[in-house]
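Encoded as structure tokens, here's the structure I'll be asking about.
For clarity, chains are labelled A, B, C and D in written order, and residue numbers in each chain start from 1.
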């Protein structure tokens, strides 16, 4: 299990390759990466992510451990940035590895659903001209958590 | 849309990076990669994959087009090898990109479920000592298709 | 008509493809003709439920008519991915 | 007790953390004390349903007791990922 919270940019491809390269027995690897996308007007200057040092690491580790308890995973990787980043930069990634694709897919979706709404990160979009606007939590993200509670 | 059937090894990380780098508007990228794993006895010498040239390309393109019709995807990548490969080599990958993670995840799972049971590939495991054994189709893979037919 | 075999069907019959002259109206009739040829064909087609068929590179079924079909392929359930 | 603020809660109150001496028994009582201080606190805590609270770095709720708690954090719903 590899959990990192960092202000530094990271190389998604290199991380995905490193993750896959360390595996012993897994036939299935799923990755998710979140990328800063521009707004509809094309005026996004940067995304700023605030987090809660201390709690963030605990929350991510707790979520990853839950995933390992629910699915047969050989390994889990979570990397999440904070600070300022520009359009096209990778905000975060998760990777899961399992013998079977169902476990790898479900665990990756579970990690993402929990990360979205239960890890203490807050996104602010800073546009040219205006100042910044905090991104609102989406109802659909909260609902997505529901399916794991059945 | 980028669909490739090839006997050559490919670099999963480089492909994932190239795919992400070409995106304009997507915030969510999901990848799946399938890796040759050893058998329980650790005697797998190689995996051999036979395919049906002509039909394979059509089937993959058809599956990818279906995915694009069902989900809001900016791009889809499918690479599938045939021929001989050793433990640890990447057999195939899919990548999907969308504005929202739900579309990217569902489309990647759909592609995998269809690839597993509807694209004309046949795997043979060649072990040291003995000859080769064709991999049996799994009932669970056939069942996985059912959820997309509702 | 070209008839193609893949995976263990190819191995049992001993060749990957052949040209077949037939008046079979359906896939099942073609299978019956092939089975009657030699034991290796009979062995390959012994359990039709373990086989799949494609007509002109599209998955089809054993009741399908062969009218206008140029390429028939027999193979076990696919195991891609 | 340390009280931390994040995102727009931090911006409205104008500081990221502060030391608070309190006898509040629950989070709600602490919120009432803070709201009574100054308009910027009242503004930040105006709609409690738009806020989340963590006690000693674990998500909690506004009815929770503060007994033994050393660090309380207030923030809007998270938007990670």
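We adopt the following convention: a residue touches a chain if its C-beta (ideal position, glycine included) is under 8 Å from a C-beta of that chain, and two chains touch if they have at least 3 such contacts.
This is a predicted model, so every value here is computed, not measured.
The chain with its Cα centre farthest from the Cα centre of chain A is C. With centres taken as mean Cα positions, chain D sits 26 Å from chain A. With centres taken as mean Cα positions, chain C sits 48 Å from chain A. Taken residue by residue, chain C touches two or more other chains at 81, whereas all remaining positions touch fewer. Looking at chain B, one finds that residues 34, 101, 112 touch two or more other chains.
Under the contact rule defined at the top, the touching pairs of chains are A-B, A-D, B-C. In the complex of the two chains, the chain B residues touching chain C come out as 34, 50, 52, 54-55, 58, 80, 91-92, 112, 115-124, 134-137, 142. On the side of chain A, the complex with chain B involves touching residues 12-14, 16-17, 20, 23, 25-38, 90, 99, 101-102, 104-105, 108-109, 112, 140, 144.
Listing the residues of chain D that touch chain A in their complex gives 4, 6-8, 10, 54, 57-59, 73, 75-81.
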